[in-house]
Amino acid sequence: MLEASNIECVRGERTLFSHVDFRLDGGELLDLQGGNGSGKTSLLRMICGLSAPANGEIRWRGELIGKLGEDYRRELCFLGHHNAIKEELTPLENLLASAKLADEILDAGEALDALEIVGLAGREDLACRYLSQGQKRRVALARLVNERRALWLLDEPYVALDAAAVELIAGLIGAHLQRGGLAVLTTHQTVNIVAGSVRQLRLN
Amino acid sequence: MLEASNIECVRGERTLFSHVDFRLDGGELLDLQGGNGSGKTSLLRMICGLSAPANGEIRWRGELIGKLGEDYRRELCFLGHHNAIKEELTPLENLLASAKLADEILDAGEALDALEIVGLAGREDLACRYLSQGQKRRVALARLVNERRALWLLDEPYVALDAAAVELIAGLIGAHLQRGGLAVLTTHQTVNIVAGSVRQLRLN
Amino acid sequence: MLNLIRAIISRDLRLALRRRADLVSALFFFIIVVSLFPLGVGPEPELLRKLAPGVLWVAALLATLLSLPRLFADDHRDGTLEQLALAPQPLGLIVLGKVLAHWLVSGLPLTLLAPVLGIQFDLSGEALWVLAFSLLIGTPALSGIGAIGAALTLGVRGGGVLLSLLVLPLYIPVLIFGAGAVDAAVIGLGAQAHLSLLGAMMLGGVFFAPWPTAAALRIALE
Amino acid sequence: MLNLIRAIISRDLRLALRRRADLVSALFFFIIVVSLFPLGVGPEPELLRKLAPGVLWVAALLATLLSLPRLFADDHRDGTLEQLALAPQPLGLIVLGKVLAHWLVSGLPLTLLAPVLGIQFDLSGEALWVLAFSLLIGTPALSGIGAIGAALTLGVRGGGVLLSLLVLPLYIPVLIFGAGAVDAAVIGLGAQAHLSLLGAMMLGGVFFAPWPTAAALRIALE
Amino acid sequence: MYWNSFSEFMAMGNHGVYVWGSVGVMAILMLLEPVLLIQSRKNLIARLKRQFRAERSDANTDRKTSPQR
Amino acid sequence: MGNKLINIYRFASPQAFYPLAGKMIPWFWTLAAIFGIAGLYIGFLVAPTDAQQGEGYRIIFLHVPASWLSMFIYLVMAFWAGLGLGFNFRLSGMMASALAPTGALFAFLSLWTGALWGKPMWGTWWVWDARLTSELILLFLYVGFIALQSSIDDPRRADKAGAILALVGVVNIPIIYFSVKWWNTLHQGSSVSLTKSPSMAVTMLWGMLLCALGCWMYSIAVALMRVRSIMLERERHTDWVRAELAEPGEHAGQE
């Protein structure tokens, strides 16, 4: 479903990587590996379509992602280094707003359930600025609970999470893969995920 | 050297923890544990003197830290969730500026060496905004290479670092402890540090 | 489509309400500038009446200009902008929503307040109407045009000034026609011609500007 | 001690240079405000000459006011402020350094540029001198007083407006004596009295204000 | 030829300052621009050449010093 | 990208254009000198005095070419920029960047000569009328374009951002040109038009046209020179630049 061929990434004057190829099908997890600054985030952004590779092409269901445009974006869920939450809003408001912008249907009840699942029960109505680092990350990750899009792109989701939360997120990813979803993941922690198959791609 | 007795922390209407006591001497590491939102960061900030506990007192070499003021701050090095680096400045400039503000003597040569040690060789002159997440964290941590103050307070230093860098930082902390320093550390990752003794304190 | 725009507007308005600053700051700035002038210039009513259209319009323009850098910067910093760019809808529509929200937060309050301040300057009833109306159709143009500049300078070295440098030339026509309309009303001439030009600018600013803005945002995210 | 202040100033100046924005933005804003007025008000030289002191001083005041929110906000957001508060030196001195840097970046360029803009308004040589001198001693006071407001509103909901609300009443005396000095020179009276009052305000702003500011910063960090 | 004398030409009917001020500035700027361009081009070429030479020597020494991998 | 596009891409490649531009530059310099000298000769030595304005009117031979060129160059610049944005040609972004400083120069000269003309004619250096103001806006637009490009490090991003600005700014050109028609201003209306017979003396018209042609040729020459430098700078990693700069004695591409 997701194919990349001969990708090259150039940042400033530096070629981060080149000749990267991979192919990912339903139920598969791509585990992006590489040290700090090896270009994992850059590759993920290319897969999103946020930036264009210096060379090579990325296809989704056989078509170039640039051509697909909105149809591709409708099947994709990206979580980056930044949490994309507003410090002024409460976790509940954040979750509802991000669902609306992503054109998903989520009612308040579901959102509250999702927040409870990620361990934010009792903090739904506290502005996010008061939350701890890990709790903020949990708000961002609460999106995944009801996310049914085919392709998940997760950039170091486990950062700042405690062991229990890491377990939980790994479980969510596993369930997604078992539903036949695809996921691309970067992380510096070793976490087990139950998946149809895990492909590893090492940058640099 | 560092003693806390009967500390209580209140945030909003919530009592995060109370009756916390510990004592730390030269060469010892305090490993603060607890889930997300259990109050680790809050406790660290109290130890710094940035915020005051709702109850209880913290002493350094037998004296209240509030009383010691500058004399206490001169012996303390705090690294928080935020990197405290400026995106516009280069790693080298950041390191030199933070040393100057902390009233430490650091010449450009030493700074360059420190940056090389944390794996930023070749990026000394690139504005930090272009660095990857882990590289930014490394810039912040480069301070530790030449840091000789007695008390290190590190709030999740390993976040966003790759395995090699985690190893390196753990080594720096170990060396600090072996020199007779003290350290208080929070982290959700399990990392081995060679230390005189490790005390664990579990919040909540 | 309308749904999306509504969602954006309601989110941005809620944020503005939560921050309060955004809601009042443009307004407050406007009041300050307008009321500082009599302080700096002296109290002669004749002079003040002559100054009024210029001062009021310049203040409105500055108030908008100042709120521009934050239009996309917060979303950019915390990663929301990426999510917006990845939303399965045209980015231009999202920008349209943000422009409208910006206007509701900065332009509309100005418009409502301007006549009150105009009284301070001893303007006639007719002139006050024209003032309010010219701001009503002029400020959306300011928001729309400004969005282009805000997007172009997003994350760029020297953003703030550059933004003024880019946007200001495009604002000057709006200023000239806006102040011109009020001036005409003060003198007693018809403000019709000025106002219809302003109207054209508004349509351009609101319905055309979001598209270059969206393109600029995609470039900024690269 | 001087070393510390120097370190702070050089860091802040380097940051300003790197961002460029900070260095030019206050300046550019100043130019814009000053040149927009003739556009909005109309080109009669007689009117403009009367306006000049007020416009120039109000513009300088606004330019300073606008650069205030960023005085500590960036350092707060990225954690640098905590490091500064933990530095083994009195926070007041660090604040003094930041105030001086702020003045070098915003007040000084204004002062240097003001006479050039004054020429546009057809001011006499004498008036130009008084203008420059009044700004030279007035702007440090603006920076110092502003710092208190910036620290008090740090991280507070609605910071921006609140800041203006707090600072403005304190700025108005500076404005009145500053513009008054120039006005006096334009009319041909001596500006001595106004200027010495301004000087007193400057000393207060620079040497007294950093201490309340430091206290406010510690509260903001709690 | 329209003018009677050189001094008349220079005076431009009392508008000499304005006319020659325009001519002068325009001439200076239009001459300055190509001169600056040539200058900066020279600098650029020198810089690039230096850079290429440095890269070549880097490559050479690398090959000499580092053992076959 | 289709094959056809790739062909155009090759054709408009910097590599092919660089030597071509190098050959054209001397020709344009020659033309510029010829037209310029002829125009100035007619304007300053042959043309008779103006009945109303006296000798001061001779500034027209500088002012009008500068004003025209400042507007024309903007259009050309916007054209190249749009081409680059739409089709991703490397060359067009470079052309746009190369034109901007020259355009800014002419906009400045238009203001300068206009101000020096205004003092004797209108008694003031500057009035805030529509044409003068819109010409000032044009200068700001040029400066904004240059500032925007120079504050973005990545040249590809700089090109795209600049292009958007240039295209948006195009609306200003008709405003400048028609400002004298739309508003009654101090500035004098257009006296050269294609439809009406020229209202000014034929010699004066010739002088003006020749000067304008000279400025035009000058602009092309200067823009070509600048674009060559930009090409070298931006393409310094490519083999053709290495070959171009190789000293005669040594091999261009080692390895």
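Quick notes on this one:
Chains: A, B, C, D, E and F, in written order; residue numbering restarts at 1 for each.
Please note the rule applied: contacts are C-beta pairs under 8 Å (C-beta built on N, C-alpha and C of every residue); 3 or more make two chains touch, one makes a residue touch a chain.
Small disclaimer: the values here were computed from a predicted structure and weren't measured.
Chain pair with the highest count of contacting C-beta pairs: C-D. Of all chains, the one whose mean C-alpha position sits at the greatest distance from that of subunit D is A. Taking each chain's centre as the average of its CA atoms, subunit E and subunit F sit 17 Å apart. With centres set at the average Cα position, the gap from subunit B to subunit E is 54 Å. A straight line joining the Cα centres of subunit A and subunit D is 45 Å long. Residue positions of subunit D with contacts to 2 or more other chains are 18-20, 39, 42, 157. In subunit E, no residue touches two or more other chains. For subunit B, residues touching at least two other chains, in rising order: 81, 88. Those residues of subunit F that touch subunit C in the complex are listed here as 85, 130, 133, 137-138, 140-141, 143-144, 147-148, 151-154, 157, 160-161, 164-165, 167-169, 172, 175. The part of subunit E that touches subunit F in the complex is made up of residues 1-3, 9, 12-15, 18-19, 21-23, 25-26, 29-30, 33-34, 37-38, 40-41, 44-45, 48-49, 51-52, 56, 59.
Within the complex formed with subunit C, the residues of subunit A that make contact are 48-52, 70-71, 73-74, 76, 78, 80-89, 93, 97-98, 100-103, 127.
For subunit C in complex with subunit A, the residues that touch the partner chain are 4, 7-8, 11, 14-15, 18-19, 74, 77-80, 82-90, 94, 221-222.
The touching residues of subunit C, counted against subunit D in their complex, run 18-22, 24-25, 28-29, 32-33, 36-37, 39-42, 47, 50-51, 53-55, 57-58, 61-62, 65-66, 157-162, 164-165, 168, 172, 175-176, 179, 183.
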